[in-house]
Structures are given as structure tokens and as C-alpha cells.
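Structures follow.
You will see subunit A twice below: alongside subunit B first, and alongside subunit C after that.
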Partner chain A sequence: MALQRDDWLDVARKVDWEFRYVDEREVYPEVVSGSPWLSHESWKNWEEAYRNTYREYVQNQLVKDDSVFAVRDALGKAKITERLDPAWVQLAKFHNGAIALGEYAACLGELRMARFGRDGAWRTMANLGALDEIRHTQIPLMIGQDLLKFDSRFDWTHKAYHTNEWAMIAARHLFDDMFTAANALDTAIQLTFVFETGFTNLQFIAMAAMADGADDHVFEKMLASIQTDESRHAQQGHPVLRTLIENGGKEYGQYLLDKMWWRSWRIFLALTGTSMDYLTPVHARRQSFKEFMEEWINDQFLKNLEEFGLEKPWFWDQFVEELDHAHHSFQLGLYTYRQTLWFDEPVPSPEERAWLEEKYPGWTETYGSIWDNIEKMWDERGELGTLPYSLPSLCNLCQLPTAFRGPGKNTACTLEHNGRKYLFCSEPCRWIFQQQPERFAEHQSVIDRIFKGDCPTDIYAVLDWMGVEQHGKDLHNGEHPWRQKRAAVSA
Partner chain B sequence: MTERSEKKLKTYSMLQTGRRLPSNYELVSSRLHYHYPHNFELSNENPVSKWYYQYRESSPLQAHDWEAFADPRSTTYRGYNELQNDKETVVDGLLREIDESNYDDELAAEWVTFLHRWYGAWRFPVHGLEMISAYVGQMAPVSRITNAGAFQSADEMRRIQRIAYRSAQLNARRGGCEPGEQKAFWEDGEPFQAVRELIERALIAYDWGEAFTVLNLVIKPHLDRLLNEELAGVLAATNGDTMLREIHFSLNEDALWHREWSRELARVAIADTPVNADRFAAWVDEWRPRAVAAVESYVSVFEQAPVRVDANGVFARITAAAEEDVKAALATPVG
Partner chain C sequence: MIIPLYGFFEGDFLGLVLIAMPDQPVSTLAEQLSGWVLDLRVDRTGGALEVLNEAGEILDQSKSIEEAGLGYGDMFHVRQAA
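Here is the complex of A and B:
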């Protein structure tokens, strides 16, 4: 009779032994394995719930891939974007650029855990995680190439991470800090516990639901399928955090949680927040970004923290307050600096504005008036009137424009460190910097590079330096149907 | 859809090579690392950045164009699962047949004891190989090498899990060979100690070029033959355990691919920068004696099997074949 998995899997995963010819500290150096350094004795009970075998893995993944590619083949590589909402197509370009090679960087993080993770069961799980991340790179690369013939800016699916485009520098900075250049222990907590368990639910499940509403079934299938891998390999974080806390590392665990919560929040509001509330067609919006955040992250993830006796991050009140405005402010920044993007940005239509007011009471007063002004500038001065005249200021931690201010409130702040002045979008970004200044201090933001002469100052030369050949524009090229209708009525 | 038709691309701009469209393998595997060389968006003082800059950017093994390497099997993620699922289906069939035919009842008690002592514990050194493959993958300067390292690492997991399954299956039928006890043979059994020393020392060879060379040009050509072809191959069949040979025939297909892509990587590295041949040779010269010592020490067990196989012959076969492998890998490319 065939054996059950539990009859043999432990002896295949618990494969640590006592080193005789080298020291355990040499095999797992603290700089790549993580701090505090603990001997294997502390890690030997490492376990997670999925307990996938290699045999199950290759079989299951084949089935999953088949179902994604069946949708791609059935819908045909042709005409897929022709029936999609134009704003949604921008979302797809934004998402592909930000995600495809970021997933590949996560493959390195998984391989680091597969080598420097401290127990055989952990390393086994991470090894499968590395394969997952290869998958999450290869599927979007294939789908992105299908779309090139409709829009050459899907080139950014592959090229984005190789450019100096400011948003991509922000993404690289975050991911290098989170996993590409992080030790195994930090990677397990930052990537798999905070980012994947806490946040990627939102990106993959919620966006899949919206993709369904937007009729983009290839995108929907891809996201939903990727999420099934994420929820498996995200399990690595729990036992690592548990071991850390059991061995006196609770304070450090809280630090990693707070840091990566804030950093994940920044990237999510910038990518997912603006995508959900401005680039998704109104009829496809299942919930607002804020509602998703409250349901998925605040409710579900907070339960995880209780399990470990961890506190809410210290900046919780600021985070909750930002749910109402940060991505709306950021969206204005994206629109204003749209020439620096590889996708186009819309002005919200009257229907979208009504939806925004319903979901975010007070939106009209705070943000509607600014969009009114942008429309007025289009009326009076055309495109030039709507473009920026100055460089944005960028945060020296998250690398994003310091554009998260709430109504009447600017959260930016500064710090002097070793004779250099640093600017931050917010107290939490400054706090993160201050905890490990040696990790971040040398880095130069795009604006620092411009002032230092490392990149050009002329706007079009800057765009070339960023690799932005086809500049992002107003989605309607300034010909907003509702403005034209208004003009016709008043004439 | 926005109407903007500056120039239509057929593939990604960074992957364009003249008129030819990239193959599917090239499309999904090429130029995926943004951080090589010297391009992490953190201070250079960050310990993991420093680790990369020391062991990857400053490795003696350097090439102008690592992207010239292509996996001879053109392994994509989907292709990998297809291939391995087929192989695993074959092994599932063999393991099922063992159950259904009461195969284990026919094995000699001495052979069962032999396997308990000298076979099951191989999952420990193979886990070392898995770890080092994961290391080579994460340190490689280009993604095509990273992918090969990641898939190879997963192949080693496959081998560990099949050894574990087979050991548990045999114990369930025959008893007295509890896999949980086998670590002691690895840690204390004299014939294993040179293998253990080899693996432990290789785990801390952190220069990525050295790690690749030691793992794939030195250790695996010796140990894969020792385990898959000799112990679980010739010796098993000699002792009437042909099913073990069949299982490891399948596992050895993975090892043959590891050898194949490694040979290709060495060829590309030398064609790009001829002095790399000397660098490979220096690492091979340093490590081969340890690998040879490991084989020499372990083959003594071949004399302990119920039906013996001449240990000297095994030793000679493995070391000669491994030497031929290195010669072929480091041969000066023609043209």
C-alpha cells in the first residue's frame, strides 16, 4: 500500500546534521542567515502547514499552468485589448512593469532562504518558493509580449526594472530592502509574513475580482493562479517569527513588522490604490481601495499579530488616517507628472467623481476642486497648463514623491545625518531610516542625482535618462467627453 | 486602446537580436537581474550587498557577456514541470509495483541491512548539494544561470524525497531499518566521513565561480555516479534490487542535465574570457583530491554488500569518468 505523506516526509525535510569539519556559524553566517544568530537547536521544530512534496508540486503546478494558458489560448492572443477599457489597459501596463521582474528578484530571496534558512523543512519550502517566483515572472512576460503588438509600452513588462524611471527606483529600493539584498530571517518576516501574508492578498485576489469585472480574463486567471502559490510559500514567515520571539527577539520582530508594514503600505497605495480607484472602470470596482484595505488587511492581518503577541505598528493612527487621502493625493501626483510614466493617466469623469464621493465622503471638496482646476487649465491653456514646472521632492526612504499630504496637512520632515540633509515623506519613513542609517544613508534619490549632476536637468533629457521614450499622457489627450459636452451646452 | 503607434515591437526591446524572434525559453529567461553589477538600491555597506559585491562582482570568474549562456535543454518553468511530472509518474509506477508485487519480500535480509546503513543516509549529502545549487542560483550574474541553479536545486529535493520514500517503504515492509535512525550512519559511519568533509567544506566555498566549479565540475560528477550509477545501480542490481536501479536511472537523468548545462556554462565562460580556463583548472585541482578521497573512502562499503562488487573497479570507473567530464568541460573551444 502506498505510503502517506506523513509516513516519510519528515525524514526528507529534517536533513540537518551536526557539522564536524566546519563551524555552524560558517555555514550560516549571521550576515546572510540573520540576527539574532541561533544554533540549529532553536530551529529544529520549524514546521508549516502545507507540507507539499516535490511530486505534488510538479503535478499541481502543471495543472495550474495549463488552466492559465488555456484561457490565454482560448481568448486568442489577438484583439484581447481592443475590447478592454482604455484606463484598464494602463493599469495592466503599470502592473506588469511593477511586478514581473520584482517577482524574479523574490526568486533570489527564496533561494537565499533555501540556502541560509536555518532548518531543512524551511529550506525545502523556500526551494519550492523559488520555483514559484520563476513562474510569476514567466507568465507575465509571455502575456506581456502578446500585448506588444497593440501597445509597444507593454515593453515595460520586461524593461521597467532596468530603467532609472523614478517609480521603478522606488520599487527596487523597497524590494532590495525587503528580500533581494536582505538576510534569510529578515526576508522570511518582511517578504513572506508582512508583504505576502498581509498585502499581496489585496493585489492578487482583489485585483483578480476587478479584472473579472473589467472582462480581462487572462489577467484575472493569472492573478488568481499566482495567489494560490503565494498563499503556500507565504507560510514560511510564521514559524520564523515564532522562533524569533521564543528566543528573545520580539522587539526585533516588531521592528521588522512596523518597518515593512509602512513600506508595503507606501507601495500599495501607489500601485494598487491608484489602480483600483482611478484606473479600474467604475462598473468593475467591487469595493473601494479603502474598503479592501479595511477588510483584507486590517481585519485579517491584525488577527495574525495577536497570535504572536505583537502590537499594531506605532504609526497605526497615521496609517488609518491616510486610508482616506494618501492615494488620492498620490494620484494627483501621478497625473501631474504623467510624462515620467510608461502609461497614461485619466482625469476622473463625473461618474467616477460621484463614485469617489460616495466611497470617500468629502472627496469632492478636497480633491474634486483640484481636478476642477486641472480641467480649467485644459480649457484655458491646453496641455502646457496642466504640466508641472518644478521637480517633485522625493522621500529619501521610500523614494516616492512626498505627495501624501492630507487636507491642509503636510507630513514631510527632514533629518541631518553625518552632514547630509535627508527629506522624508513622513515620520514613519524617517523612523525607518533612523533605525538602520547605515543601510540607507548612501543612497541617492533621483532628485539627489539631478542636483549632483549625475543625471541631466532638462526635462526631456531626464525622461531619456529614465528610459521613458513614449511619455505618459492624459488618457483622453485632453479631449474629455464630459468637458466637450459642457462646452457644447454652454455654447 | 490608446492610438499611439510609434513603433510596433514584436518582442521586448532588450531581447531583440536582429530579425530573429526570441524562442520561448529566451523570452522568459533572459536579462531578468537588474542588480548586476553593483546595482542594489541600498548603501554599499548593507551586509548582503557587500556579500554580493565580494563573491559575485569580485569573483575571479568573470565574463563580458554571461548572457551568451543558454541552457541546452531550454528549460522554462512550464517545461520543467512537464518533464519532471513525467519522470515522477514513472517513479510512482515503480514504487507502486514494488508494493503490488511484494517485491521487498524477495530482497535478502543482508541487503536490507546494507541499504539501511549505506543508502538512506544519502539524503543528507544530497541536501548539501541542494543547498549549494540554491547558492549558485542566487549568486549567478544572469538569470539563465539562476534558473538552472534553481531547477537543479529542486531536482536534488526530488532525489532526497525519493530516497526517503523508498527507505520508509522498505522499513514498512521489512522493519528494522527505520529511516529516522539513519542520520547516525552519516554522522558516525567511517566510510561517509570523507563525503561529509567534502560537502561541509563545499558549503562554505562562497565565491560564486568557485561554488559552481566545486559543485558541478567536481563534486557532482563524482558523487552522482557513485550514488546513482554504482551504489543504486550496479551494486543494487548485483544484489537483485533492480527496482532501485530503475528509480535511480530516472534520478540520474536529472544529474545528466546538471552536467550538460554546466559543461555549456564552462564553454561559454572560456570562449568569452580564455583565462577562465585557468581559473576553473585551479579550483578543480584544489578540490578534486577531496572528491577523489570521498569516493575512495565510501567505496569500501561495496565490499560489505551481500554480493560484493570490486571497490577498486568502482573507484576507477568513477574517477576516470569524472576526469573525462572536466576535460571535456574545460577543453579550449574550437574556432
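Here is the complex of A and C:
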């Protein structure tokens, strides 16, 4: 009689060994498995809530793949530039470039846990996680490939991660810290607990809802399909964090949480915040970025922290304050430096401005006035009047422009370390650097590279160095319908 | 030797990189930064420009950058006086 699933699953997923001729510490070195190093006795109760057999995994993935392929077959041949809002097409390029090969890098993190995770069940889960991340690379690559015939800049789906484009340097810096250059324990907490449990729900579920509203059902299906995998393999973080805390590692757990919360926030406001509030058509915006953050992350994720007796990150007040302004400042930066991007950026229309003021009271006074000036420059001096004359200063931790000030407030600060001055966009970025200066001090920002002579100084040579062959531009090429209407009325 | 400095104009939304010589006057920092920012991203009020170091101390604009205590990688602020 064949064994039933529940008869063998626990044995199979918890396979472990007692080592006779090699020490456990040699099999699971602390430097790769993580600190504090604990014997397997401490890890043996590692359990995930939702268990999968490999057979179930393959069957489930097949069904999910078929679902994506069906939508792709039905809609993928339609010309994207005709069926979708033009700003949304830019969002798809931005998202694909930023995400696709980052997922492939995450495969390294999963495989490290699959080898150096301290319990058989953890390693089993991480194996499936590695397969997930390969899938999360292949699906966007496939869809990006489909779209190349409509817009050649969809080649950034594959290309972006291999370039020196400034936003991609920031993404690589984050992902290296989070998982490609982290041990198994740190990866489980930083990647699967903070980033995936805390933040990627927003990226994949909320953006999928907006894709539905924008009639991009291929994108919607892709995001929703990826999210179901994320929910499963994100389970690794909870039992790792629980084991760490039970064995005296609460302070270290809090540190990893604080660090990666801030770093995840930085990348999310840059990618998801600007995409939701500026690149999504108004009719498709289910909620503002701030509302999503408050509901999905602040409310739901905080319950996770309570479960472990962890505190809110120490910079919580600054984080909450930034919800009202950081991504608006960043959007102005993206627009101003649009030539350094692989997608185009819009000036918000009167309808979008009204929506922004409704969702962020005071937006018009703080940010609308700057957009007014940009429109005025288009009227008086054309495109040249709207382009920057200088490079933005970059944070030596997150590598993003120092563009996160609130009204009347600049949060940038410096630190002297080993005779060198470092610039940071904020106190939390400086704090992260100070915790491990040996890890971050030698990384050169684009500005550092220019001053060292590793990167050219001429703006067009810099763009070549970044790999940006087709520069991002104003989405309307400066012919904003509302400005033309105003001009006609005043004439 | 040229040095990079990071300038933040009050009311603007990001810092900018300035390349400077240590012996040039502080006033040139204000002129350069305001030239990049005023009218484009910040409205001109007509107030005189003030230059402040990271600690918030107003710098004497007749002094050189070096004399004013600014060096490689320092940040400074420029604002329009009320």
C-alpha cells in the first residue's frame, strides 16, 4: 500500500544527519550559516506553517504557468502602445528592469539557505524558493521579450542589472547587502522576513490590482503569479527569527529588522511609490502609495513584530513623516534626470494634480509649485530649460540621490570615517553605515567614481558609461495637452 | 586641487554636486547653486543669499572655502534671507 502524503512528508522535509567524521561547525561554518552559531539541537523545531511536497510544488507551478501563458497568448500579440496608457508602459519598463534579474540574484540567497540553513525543513523550503526565483526571472524576461517588437527599451528587462545605470547600482548595493553577500541566517531575516513578508506584498498584490485597473492583464497575471510563490517561501523568516530570539539573539534580530526596513523603504519609495502615484493612470489607482503603505505594511507587518516582542524601528517617526513626501521629491528627481533612465517620465496633468492634493493635502503648495516652474520653463525655454546643470549628490549607503527632504527640511548628513567624508541622505542611512563601516566604506558611488576618474565627467559620456543608449525623455515630448489648451485660451 | 562639495538650496528637493577650488570665495558657491536652482525649482524672493555649513553656522562669504572650514566632501546650505 502506497504511503499517504502525511505519512512521509515530515520525514522527507526534515532529513538531517548526525556527523561521525566531521564536526557540525565544519559542515555549517558560522561565516556562511550565520551568527550566533547554534548547534542543530536549537534548530530542530524549525517548522513552516504551510508545507509542500515537491510533487505538489511542480503541479501548482504548472497550473500557474499555464494561467500566465493563457493570458499572454490571448493579449500578448496586441500592440502594447495602443492598448495601454503610455505612462503605464513606462511603469512596465521600470518594473521589469528593476525586478527581473534581481529575482535571479535572489536565487543565490535561496541556494545559500538551501545549503547552509540549519534544519532540513528550512533547506527544503529554500530549495523550492530557489526554483521560485528562477521562475520570477524567466516570466518577466519572456514578457519583456514579447514587448521588444513594440518598444526596444524593454531590452532593459534583461540589461538593467548588468549596467552602471545609477538606479541599478543602488538596487545591486541593496540586494548584495540583503542576500547575495549575506549568510543564511541574515538572508532569512532580511530577505524573507523584512523584504518579502513586509514589503513585496505591496509590490505584487497592490500593483497587480492597479495593473487590472490599467487593463494590463499580462502584467497583472505575472505579478499575481509571482506573489503566490513569495508568500510561500517568505515563511522561512519566521522560524529563523523565532530560533534566533529564543537563543538570546533578540538584539541582533532587532538590528537586522531596523537596517533592512529602512533599506527596503528607500528602494520601495523609489520604485513603487513613484510608479503608483505618477505612472499609473488615475482611474486605475486603487489607493495612494501612502494608503497602501499604511494598510499593508504599517498595520499588518507591525503585528508580526509584536509576535516576536520586537520594537518598531528606531527611526519610525521619520519613516512615517516621509510617507507624505519622500517619493514626491524622488519623482521630481526622476523627471529632472530623466535622460539617465531607460523609460520616460510624465509631468502630472491637472487631473493627476487634483488627485495628489486629495491624497496628500498640501501637495500643491509644496510640490505643485515646483511642477509649475517646470511647466513655465517648458513655455519659456523649451526642454533645455528643464534639464539639470549639475549632478545630484548621492548617498554613500543607499546610493540614491539625496532627495528626501520634507517641506523646509533637508535630512542629508555626513560622517568622517578613516580620514574620508561620506555623505548620507538621512540619519538611518548613516546609522547603517556606522554599524558596519568595513562592509560599506569601500563602495564607490557614481560621484566617487567620477572624482576618481573611473567614470567620465561629460554628461553624454556618463550616459554611455551607464549603458543608457536611448535616453528617457518627457512622456509628452513637452507637448502637454493642458499647456497647449492654456496657451490657446490665453491667445 | 579640485574638491567636491554638496550644496542644498533651501526649498529645493535634492542636493547638487559642486566642484570647487579651496581658495575660491564662499560667495561663489551661493552664486553657482542659486544659478542652478532659482526660478527653476525655487522661486526667487529677492533676499540676499546666505551660506551655512552642516552645523547651521552662517559662513563669511568673503572668506575662501578652505578658510570657512569647508573641505573635500562637505555639505553646505544656501538660503534666501527673509
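By definition in this document, the second predicted complex is superposed on the first by the 483 of 491 C-alpha atoms of A that agree within 3 Å, B and C clash if a C-alpha of one lies under 4 Å from a C-alpha of the other, contacts with A are read in each partner's own complex, and residues count from 1 in each chain.
Rule of thumb we're sticking to: a contact is a pair of C-beta atoms (placed from the backbone, for glycine too) under 8 Å apart; a residue touches a chain by one contact, two chains touch by 3 or more.
Note that the coordinates shown come from a computational prediction; the quantities given were computed from them, not determined experimentally.
J.: Identify whether subunit B and subunit C fit side by side or clash on subunit A in the overlaid structures.
T.: Subunit B/subunit C on subunit A - fit side by side.
J.: After superposition on the shared chain, which partner residues are touched by A:H162: those of subunit B (first), subunit C (second), both, or neither?
T.: After superposing on A, A:H162 lies in contact with subunit B but is clear of subunit C.
J.: For A:A412, is the partner it touches subunit B (first), subunit C (second), both, or none of the two (neither)?
T.: second
J.: Going by the contact rule set out at the top, does A:S393 touch subunit B (first), subunit C (second), both, or neither?
T.: second
J.: Who does A:V27 touch here: subunit B (first), subunit C (second), both, or neither?
T.: Only subunit B; A:V27 stays clear of subunit C.
J.: Would you sort A:A403 into first (subunit B), second (subunit C), both or neither based on which partner it touches?
T.: Touch status of A:A403: second partner only.
J.: Return, as a multiple of 10 degrees, the angle whose vertex is the Cα centre of subunit A and whose sides reach the Cα centres of subunit B and subunit C.
T.: The angle comes out at 140 degrees.
J.: After the superposition on A, what does A:N183 contact: first (subunit B), second (subunit C), both or neither?
T.: Touch partner of A:N183: subunit B, not subunit C.
J.: Compute the least Cα distance separating subunit B from subunit C in the superposition and give it as a whole number of Å.
T.: Here the least C-alpha separation of subunit B and subunit C stands at 20 Å.
J.: Which residues of subunit B touch subunit A in their complex?
T.: Contacts found on subunit B: 1-2, 4, 6-15, 24, 27-29, 31-35, 40-52, 76-78, 80-82, 84-85, 88, 92, 95-96, 99, 123-124, 127, 130-132, 134-135, 137-138, 143, 146-147, 149-151, 153-154, 157-158, 160-161, 163-165, 167-169, 172, 179-180, 182-183, 186-187, 193, 196-197, 200-201, 203-204.
J.: In their shared complex, at which residues does subunit A touch subunit B?
T.: 1-3, 7-12, 15, 17-22, 26-27, 31-32, 53-55, 58-59, 61-62, 65, 69, 81-82, 84, 86, 89, 101, 104-105, 107-108, 111-112, 114-115, 120, 123-124, 126-128, 130-131, 134-135, 137-138, 141-142, 144-145, 148-152, 155, 157-159, 161-162, 169, 172-173, 176-177, 180-183, 344, 399, 438-443, 469-470, 475
J.: For the complex, give me every residue of subunit A touching subunit C.
T.: 329, 332-333, 369-370, 373-374, 377, 385-386, 388-393, 401-403, 405, 408, 410, 412-414, 420-423, 447, 451
J.: For a test of understanding, state which residues of subunit C touch subunit A in their complex under the given definition.
T.: Those residues of subunit C that touch subunit A are 4, 6-8, 10-11, 13-18, 35-36, 39-43, 54, 71-75, 77.
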